[in-house]
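Two complexes are shown next, each including chain A; its partner changes from chain B in the first to chain C in the second.
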Partner chain A sequence: MTETVESIVNCKNVSVYYGQKKAINNISIDIGRRSITAFIGPSGCGKSTFLRTINRMNDTIDSCRIEGTVIVDGKDIYDPSIDVVPLRAKVGMVFQKPNPFPKSIYENVAYGPRIHGLASNKSELDDIVEKALKGAGLWNEARDRLDESGTSLSGGQQQRLCIARTIAVEPQIILMDEPCSALDPIATSNIEDLMSDLAKEYTIIIVTHSMQQAARVSQKTAYFHLGNLIEYGDTKEIFVRPKDSQTEAYISGKIG
Partner chain B sequence: MIPATYIVTTLIGIFLFFLGKNRIKNICMNENKKPHSLNIYHGLFPAILSIVPPLILLSLWIICDDVIFDQMLKNRLPNNLIIEGKQTFLILLAAINNIADGIIVGEPERWMMDLAQKLIIWRGHSDSLISIITIICSFAFGLYALSFVKIDFRARNAVEKLIMIGLIICSLIAIITTIGIIFSVIFESIRFFKLVPIYEFLTGLTWNPEFEGAARAGSGQAGLSTYGSIPLFVGTFLISIIALSVSVPVGLLSAVYLSEYATKKIRGIFKPLLEILAGVPTVVYGFFAALTIAPFFRETGGLIGLDVASESALAAGFVMGIMIIPFVSSLSDDVIRAVPQSLRDAALGLGSTKSETIKKVVLPAALPGIVASIILAVSRAVGETMIVVMAAGLAANLSLNPLDAVTTVTAQIVTILVGDQEFESAKTLSAFALALTLIIITLILNFFALQIVKKYREKYD
Partner chain C sequence: MTKEHINSAFDDDLNELAKLITTMGNLALSQFTAVIDGMADDEVKLKSLIENDKKIDHLESEIYNKTVEIIAIRSPQANDLRRIITAPKIATFLERIGDYSKNIIKRRERMIAEDGDLNILKKVNGISEIARELLIDVLDALARLDAKKAKLVWEGDEELDAQHNIVYKKIYRGMVEKGSSASDINALFIAKNIERIGDYCTSIAEQIYFIVNAEMLDEKRPKTEI
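Up next is the complex of A and B:
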């Protein structure tokens, strides 16, 4: 199972500070292309913070400071010459709580292609929207109600709408920050199936509280604790034969 | 005497509060059971009943007794007194009341002194009587309420019901007052429309209420004074548009800056400063407009060869716009900040620039609140009087040229009602017709604005 995959994200000695507080301590990690990587660990361990360094969402927090290099697709994204706008188009993000725009379903999906000028006319835009909704497994449910508000959907549908909105921009990487924590088990399993499909085309990095979820969907797992990367390796290895005693304690439910 | 009654009644209430509380405590101890409600409610129930209704009674009495005294005085006026008109009678009564209060002007006649003397005695009796009644009521209600206090009495529910009645009364006061205002305006307007045909008022192009006299009252011809309200409404419209075109862009953009770009520190300085603008009395804006802005516009206009009136709609509208900025910016700032951060994150995460996020996500989501702030601005602009009186003049010109002197509905109402006037004349009554029309127009505006908000509301949680 462990074939060497080409990596798309390379982090080297990354530390993140909130003001004086160090949230991420000197992490280096390489993440493989077209695979699912799970970040697990107890609350407050820095896994979400680390996820948000990959598309520079931490820029929105004033007190946040980053050291080290994060290379995405061969480019140092913290280089002063890098513009965050195309970076975030390339590295999409799905959030913990479904956050569709208070617009119609169609407009939600068309938002990204519009601001990036991906479609030159209406029918092209229609095609993009249809493709994205199909990609997110929402087309059958939403095709007849594209004009209805995105917020009128159920929680699981909203989250799939958010995924459709993200893939409409055709990113290379999709970051998912606990995408199922606000959803019921059926919606969760829908999203998990969807992730496996999406991994054929996209690189997915998912932060999750649920170890079962990490075990079900990911090829690689990274265990974080108190801002440190404790262990990173093939998911099967980590769950069956963790090398580190802390990882073992977390996975077996002793801490967390 | 009356203040003492208020205090005594309150003391009775406090006394009954402890009585009720102790009583339930004792009952509990004897029966060794838990009461339905907390002890405090068993105290509050008699306390409220012994304070509130008697004090309402007392207050009503104080308001009403003057009317009764006036009636009693009227019956005792000397028979040989000749009274002309309603006004004279009212003046006489006021004079007697003043003497009773100790304000004596000149040498009043003997019978007036006597009546004043009587009035003083009546007032004393009335005060004693109502004080006794109030205190008896207070005791009676309180003790009656106290008799309910038992182990299974639902005192909490009873107290909550009493409080709910209080809340209903408070909300009714606002509604009833509004209805009262509208009706008084309607009735006076009807009287006006008997004197001046409604179509003339609504469609006439000249507003000239002076020279009221024989012409209209006597011969019924259209005569010297004319009541065409169009120039006033056009003036109001013109000045409001100028004010809004200053305040809405400036207010909205400053709100965007404050909520999206400003650091915490800058916001902490700017927002209070902006809100100080809202606290400046409009008179101050008025002379700022009349003494600073209007001359400035006239001189600047003169330099480029424009003929600007020394009192211009532009000056008044501009200063009014400045006055309204804080309403728009402060309210819009609040609603923009209320847009959930998750929506901004979503937009940024898709690769939107900050400006795209604001324009396409944040502002549409905040739209209902922004429209509400603009509605508020409109009603401030339409209702604003002082600045117009001081800076735009009182000339009812029918003009859409912002450089002319114009006047507004509210400014005219003020000029009509300031000083002495007869209540029967068409000139005075026209103020009510203007007010009524203004109320109707603002109602229609608000209605449409609300419809727009409903239609474009984008819901978010």
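Up next is the complex of A and C:
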């Protein structure tokens, strides 16, 4: 049964081109607020490209051109009046490889709130850093070493630091592009556990190559193939009784 | 299988599981066939067939082990998962069918020991044939994953039930009219065992339907009560 969830992202007829090449073909999708949505599909299917349209990360690529509308929280994010800096705070992103700044753990988290003017004094900033580190499940491990370099942490801790950095600027949506593919199984479990907690407050969209991860963490799954959205629905339905034979073939390990 | 997995070892696993089920089904069928073909004939010895039931039991545990192994190693999804998860259930149904064949042999041995008249077992020939047909058809439907044929088996069990009722009443009436003998009672039990084999064929048919359609047959099965 499909639950009715209020949507926060509404994409309509979105196509993305890299030069002449069409990477995303006319995709329409609504994504529910405070839920986890997984994008799955073989390499090159367009899932990461599509993810990056949601916070305009594709703008950094000169040859990239986008058609259609992407509405985030009621606003057309490709409207010329939109400033991408606050957009990317509102729609944060966590990447495949943890990429902390070569600064202290504290500074990694404090940097965003400071440039966005979220704290008016040191004490407020301290509170934001603590709250973000707690939210990312890193506080207990990091509280006594806030001055140490972020790069001194383990891979899993670094990824949680990146999540803390993302949530410190009070986003509504967190985009995760294969956030666990560089992590060991324990660190992966920690991140997955954290995602469930984060979804109480934030909307999470995750691109993952691990079908099991998509099945474990998400409520909705979208299957992409060759730039098309083949099937989108409740994760349980997608993994138990997919409607499309291409989805079935992919999740069963028959195409890649 | 229409599409092969990228990881061919997964196909090997699925083929091995399917082969175990086919072997088990063939054994259960040949056991039942030998039993019903020979049971009314004094000259035929069936006791040694009891040993075959151990092979059927052994296959059941092999199927359980293979199922657990595939789930643990391959993380099957969708249709694959349904094929795998139904395997031990189907194995259990086949094992029960094997048990009923064994029960028939044991009852017949008792009849022989008591100098009973095996001729009475000719009265169950008709239902034996229907049960055999159901078993052949359901094993065929299983090998081909043919949900339509499985549903025909599922519906066809009604005829077996109806014929069983007729046989039951015929033997029962004879008991009332001429007085009951131990052979009559044994024949009634044997008829019931055959009728139960039909029930297990419908249970297997339900699993086939589930594998193919991802939902259980939820219609009410036509039934004839005694």
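We take it that the second predicted complex is superposed on the first by the 255 of 256 C-alpha atoms of A that agree within 3 Å, B and C clash if a C-alpha of one lies under 4 Å from a C-alpha of the other, contacts with A are read in each partner's own complex, and residues count from 1 in each chain.
Please note the rule applied: a contact is a pair of C-beta atoms (placed from the backbone, for glycine too) under 8 Å apart; a residue touches a chain by one contact, two chains touch by 3 or more.
These numbers come from a predicted model, not from an experiment.
Student: Once both complexes are superposed via chain A, do chain B and chain C end up clashing or fitting?
Tutor: fit
Student: Per the contact definition in the header, classify A:S149: touching chain B only (first), chain C only (second), both, or neither.
Tutor: So A:S149 only meets chain B here.
Student: Output check: A:G253 vs chain B and chain C. Expected answer is one of first, second, both, neither. What do you get?
Tutor: second
Student: Report for A:I115: first if it touches chain B alone, second if chain C alone, otherwise both or neither.
Tutor: A:I115: touches chain B, not chain C.
Student: Touch test for A:G135: chain B only (first), chain C only (second), both, or neither?
Tutor: neither
Student: Touching A:G41, do we find chain B (first), chain C (second), both, or neither?
Tutor: Touch status of A:G41: no partner.
Student: Which partner chains sit in contact with A:G92 here, chain B, chain C, both or neither? Use first/second/both/neither.
Tutor: first
Student: With both structures placed on chain A, which of the two partners, chain B or chain C, ends up touching more residues of chain A?
Tutor: After superposition, B is the partner touching more of chain A.
Student: Counting only touches as set out at the top, which of chain B and chain C does A:P179 meet: first, second, both, neither?
Tutor: Touch status of A:P179: no partner.
Student: Is A:F101 contacted by the first partner chain B, the second partner chain C, both or neither?
Tutor: In the superposed model, A:F101 contacts chain B only, not chain C.
Student: I want to verify one number: the closest Cα approach of chain B to chain C after the superposition, in Å.
Tutor: 33
Student: Which residues of chain A are in contact with chain B in one complex and with chain C in the other?
Tutor: Of chain A, no residue contacts chain B in one complex and chain C in the other.
Student: Of all residues in chain B, which touch chain A in the complex?
Tutor: Against chain A, chain B makes touches at 263, 340, 342-353, 356, 360-361, 364-365, 458-461.
Student: Under the definition above, what is the set of chain C residues touching chain A in their complex?
Tutor: So the residues of chain C touching chain A come out as 3-7, 10, 74-81, 214-215.
Student: Could you please specify the touching residues of chain A with respect to chain B in the complex?
Tutor: Interface residues on chain A, with respect to chain B: 55, 57, 60, 62, 84-90, 92-93, 95, 97, 99-103, 111-112, 115-116, 149, 151, 162, 165-166, 169.
Student: Which part of chain A faces chain C closely enough to touch in the complex?
Tutor: 211-212, 239-242, 248-249, 251-256
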